[in-house]
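Every chain is named by a letter (A, B, C and D) in the order it is written, and numbering of its residues begins at 1.
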Amino acid sequence: MLRRFIGLILLLTISVVLVGCGEKEKTIKVYTRDTTSGTRDGFFSTIGFSEAVTDNTVLADGYVEVDSNGGMITAVKNDEFAIGYISLTSLETANVKGLSFNGVKPTEANVLNGTYALTRNFNYIVGNDFTNQTEAEIVEAFLAFLTTSDAKSTIISEGGITEINNEDPSWNDIKADYPISNKDNSEITIKFGGSTSVEKIAKALSAEFSAKCGNFIFEHNHTGSGDAYKRTQGSEKSGTNALHIAFASRDFKDSEEATLGTSGKICIDAIVAIVNKINDLDNITEVTMKKIYDGTITKWGEIE
Amino acid sequence: MPILLNWMDKLHKNKQFERKILTDNIVKNILFVVTILCASVIVFIVLFILLRGMSPFINGYEINGKIYTVDIFKFIFGTTWFKTPNLYGVGFIIVNTVYVVSLTLILAVPISVLTALFITRIAPDKVGKSISYIIELLASIPSIIYGLFGLGVITTVVKNLSNFFGYQSAGGISTLSSAIVLAIMIIPTITMIASTSIKAVSQDLINASLALGASPTQTNFKMVLKSARSGIFSGIILGVGRALGEATAISMVAGNSGNGPTFNFFDTTRTLTTTMLLGLKETTGLDYDIRFSVGIVLIVIIIGSNILLNFFNRKLEK
Amino acid sequence: METVFNINNLNLFYGDNQVLKKMNLSIPKNKVTAFIGPSGCGKSTLLRCLNRMNDLIESCKITGDITYGNTNISEINPIELRTKVGMVFQNPNPFPMSIFDNVAYGPKCQGIKNKAALNEIVIEALKKSSLYDEVKDRLNANALGLSGGQQQRLCIARCIAMKPEVILMDEPTSALDPIATLKIEELLYNLKKDYTIVIVTHNMQQASRISDYTAFFLLGEIIEFNKTVDLFKNPQNKKTEDYITGRFG
Amino acid sequence: MRRIKDFILNGITYVSSGIGIFILIAILVFIFRNGFGSLSMSLLTSDYYQTTYNTNIIDSTFYKLGDFEDPKIENSFFSETWGISLKNGNNVAGEKIVEINYVAVSSPFKSMNDVATGEKREIGKGYALSKIIMTNENDDFIMALAKDGAEEVVKKLEQATIITDMIASTGGGGIRGSLLTTLYLIILTLTLALPTGICAAIYLHEFSLNNRLTRFIRIMIDMTSGIPSIIFGLAGAVIFIPFMNGVINSNGGSIASGALTLTLILLPIIIKTTEEALKVIPVNYRSASLALGASKTQTIFKVVLPNAVSGILTATLLSIGRIIGESAALIYAVGTAIKDNVAINEKSTSLAVHIWSLMSGENPNFALASAIAIIIMIIVFILSISVKLISQRLNKIKVGN
């Protein structure tokens, strides 16, 4: 029995060596997030490869699917020949190399001035039909709060990309217009939800605004961008899943038309293509990126 | 008749004894019901997973405004896990799973059996005991820690190994890494059972072998292992079960290739369990329920392999 | 002769295996009756029938009847029967608890909770089984710390505490050394004025020393039953003679 | 020739056993090297999420700015205007933070206005600043963010005279919540699984007749123990989550649904271990008790169970080990959300799932994951040693009889 095992191991090893010897040039290992990921949606939509948003079969052979931003970072860190994509926020601590996109460096400034194109919007949508007057007023105040420098700076500090203009009021400036903020709202529960990508920003905003608006109770149940419209103004708006305020990490579709004044953009999120630290590639174009992901380009040597 | 008189004296106690018998019966029935409940757990589990897992093939799911069901034939024989909106295939995943588990066995079985032999027959008593204790400790380590170890250490080793062979792996995330992690996890299981069955080989047989002029080593390898083979095989059966069902550890090193099957050691793979865990957080509807269908496949494979291996084991015993 | 048990035409099967065959026997009251015979002849099985311990064996089937007093034992609640017909086993088997708790176990199970009453019962039982002097200072010590002979006397005390009418003993001395055996035999001698004792033994000397009546068993049948003196001096059956003279068995 | 062959064969058994030892050592070295630095008492007792305070200090007549003395702490930056010293650091999630490591005695930071409560609050040493919005004398807008680094924050502080809005946080990174969840899971699961499992074991060993039904029951229970935990997880998700949503008003997975799922996983283990313990109890204890006129129930409760205590304890310890190590089933049946305020009807993570969450979060945190792994390993090893000791005692009893 033992002899047979050893023989089998040897045989398998030899076969691998034979297969292995054929590779001369290093193949590009393509890493992607799973199909439920908003980052994946944003990435493939922007590089003009929207077929790949929910479909793995169009991707290059030998692609590797990871199911989190963290998984992507670990994977690319471990693989010298990898290419992947993460949210710009986590690039700095990730210890991987972020690539310029169409010659533009992935920085916040470049995102804001519109030159860095690999981005997606984070949007909000609120309910349009509240029976409880207090809730309606808090939601209204929250929308006003989103325009203040207070909220914007919080969004920025949580990794969202947005700009604070000099005209932006501070909450103290406009507080008087929203008398609800001076009442004790600690009995009121405001439900937040929607995209998981926006969850961190949403939580920071709700915590800050609760302090500024009578300590209302905030509940977060983030289940994905698809539920943002559905649970505020769509089919689930009056059920147990209903939300007061929801976020989406993509633009709303035509089928998700919100009532005027109840939705909008809160910030931009940049996606950055990443490679291993030792890779000497610095820049990648939209066209090359698509070719890499659809398998037209398979070797690192083929990238000009 | 004094005895009879004595009887009459104690007659009033009769009721107390009747009560005791009644209590016994009540207790027995309660325990019986509880036992039946425990035994029916598996029925409920299989039933519910079957119900939910069959749903993708029967009920329609709304995706982007249209209603879809999953083609069961394509599901079972598919070589692509997912193509939007409703194509799911586990055929290659089944092959991958079986392949990874076979590879695991090739790694784990020799090591486990030899370790068991060492513990029970070769090593001095104290050394044997301490090693068997170390093996027991290994068995108690949670799988998530094996996953962490796999991600931090084994992938690096495998990556270097593949570079050595001139093959480019995905940072060591591969079939081989998965097999190694699984092997580490099932070595304790097989070793513990194998050593019990080796211990059970009767000293008479061993003495007989020695008396025939075989060296202790020859006796160990030829006679002892042969006599204990049925026990060793049951250990292997248990190990296969554990390897097939392991999820978290392997999902950290498998890589989740989307199509296949893959037979190269250094390529990424996808097993039934990693498929069930992947992307679980955000998913709903069809994509969620299909995991139950994969669960059905996993149950069938586990029960099937168990029956098959036990059948072989019975043959081996003969 | 006053009798306690009357066994009529008793057959007992374990599965398809007949262990007791058409047995007829009367156990005299306040006497020591010994069952002797080679191993596997059904002595212990018959003994276990007397307090319905065989009920616990699944595959056991019994035909014929045993009466206790005037009642068929199958009509007596087994728990009740066992409070009247105590049993001492081959190996001393005290529970792993204190000496006191061992003796008080039976009365407690019958619902006696009064501490003083229990105390009285325990001391009386221990005295009757001539163990009291040896253990009176350590009633709360674990019973497993006693010597084998003491343990067996404790088991007898445990049995006596139930105030039974009959004590069944299944080779009570076979696991003990000669000195301990002697003590148990002395104890039996003292007990027989109050209790009916049925004892299974391998040891013919023991049977002749302590018993008033002896039954000789062979292959599931009772070959001979008589006063001990007569049976040993003057066996009626050839097989009995062969056995007691050591020619077989 | 034969001797050489024997030597080689013996040699490979040595090597094989060496592999087991090597793996254990490798795992230990790996997790200790990665996680030992993060290990501390405060890891166990503090929250995972920081407590955040929204504060400001607007009315400049109540405080004095300027000329605080620099304590000259290494690697940190001092604001003379506000009297605080800041340094760069990272929080649990691996994000950059700016941490206060010194506050002068009369610094305005000693009494900030808490926006939520309206009371005074000291933002002192150990607090992390995530954003500060300020204005200078000319009422110009100044914003300092943690991600710009401590030096930049101090530079901006120096220009400002009023802090209109500041978010500061303290604590964080602890595993108290997950530790508590694990404890809840253990207690809940054991209260459900132990009595049930022990009852079944008693029935099977003390009451059941050796008939077809009993054999069938045994086969079913054996099969249950062969089902992988991920399947239990799926079953928990379809059976217990909706059930619990109805019963205790939970929303999705909850500790309760997780405990029920774990109960199912543990039943075969408990039944088997308890039955082993019952088997060891000498039959003559039972016959002695019955012969003394005790009923079967009395025999079980007074003689059998007290003697099976060590076996039941073994079952308990094994179960605890299993609960602590379980991940796949809990990912489905409870969820992966790390929580500080643990409630039975809410999602939460056990220690093992906490590791999983950390590794699959936005920024994988190997150090914290390894630190938790160390804790799990220590608990599991203690349990395993206890089981060993108990089983040795059990064997002694067996030999004794």
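Annotations
The rule is simple: a residue touches a chain if its C-beta (ideal position, glycine included) is under 8 Å from a C-beta of that chain, and two chains touch if they have at least 3 such contacts.
The structure presented is a predicted model; accordingly, all values stated were derived computationally and were not measured.
Counted as hops between touching chains, the shortest connection from chain A to chain C is 2.
Counted as hops between touching chains, the shortest connection from chain C to chain D is 1.
Taking each chain's centre as the mean of its C-alpha atoms, the one that lies farthest from the centre of chain C is A. Counting C-beta pairs in contact across A-D and across B-C gives the higher total for A-D.
Computed from the mean C-alpha positions, the centre of chain A lies at a distance of 28 Å from the centre of chain D.
Distance from the chain B centre to the chain C centre is 53 Å, each centre being the mean of its Cα atoms. With centres taken as mean Cα positions, chain B sits 37 Å from chain A. Note: centroid distance chain B to chain D, computed from Cα atoms, is 25 Å. Of all residues in chain A, those touching 2 or more other chains are 67, 74, listed in ascending order. Multi-chain contact residues of chain C, defined as those touching 2 or more other chains: 79-80, 110.
Annotation for chain D: residues touching 2 or more other chains are 295, 298, 359. A list of each chain pair in contact follows: A-B, A-D, B-C, B-D, C-D.
Those residues of chain D that touch chain C in the shared complex are 209-210, 282, 284-285, 287-295, 298, 302-303, 306-307, 400. If you check the complex, the residues on chain A that touch chain B are 1-2, 5-6, 8-9, 12, 16-17, 19-21, 23, 26-27, 29, 31, 34-37, 54-57, 59, 62-67, 74-82, 196, 223-224, 226, 255. Contact residues on chain D toward chain B in their complex (touch as defined above): 2-3, 5-6, 9-10, 12-17, 19-21, 23-24, 26-27, 30-31, 34, 196-197, 199-200, 202-204, 207-208, 216-217, 220-221, 223-224, 226-232, 234-235, 238-239, 264, 267-268, 271, 295-298, 300, 321, 324-328, 331-332, 336, 352-353, 355-356, 359, 366, 369-370, 373, 376-377, 380-381, 383-384, 388. Interface residues of chain C, counted against chain B in their complex, comprise 4, 29, 69-71, 77, 79-80, 110-111, 165. By the touch criterion stated above, chain B contacts chain A in their complex at residues 65, 80-85, 106, 109-110, 151, 155-156, 159, 162, 165-173, 221, 225, 255-259, 264-268, 277-284, 287.
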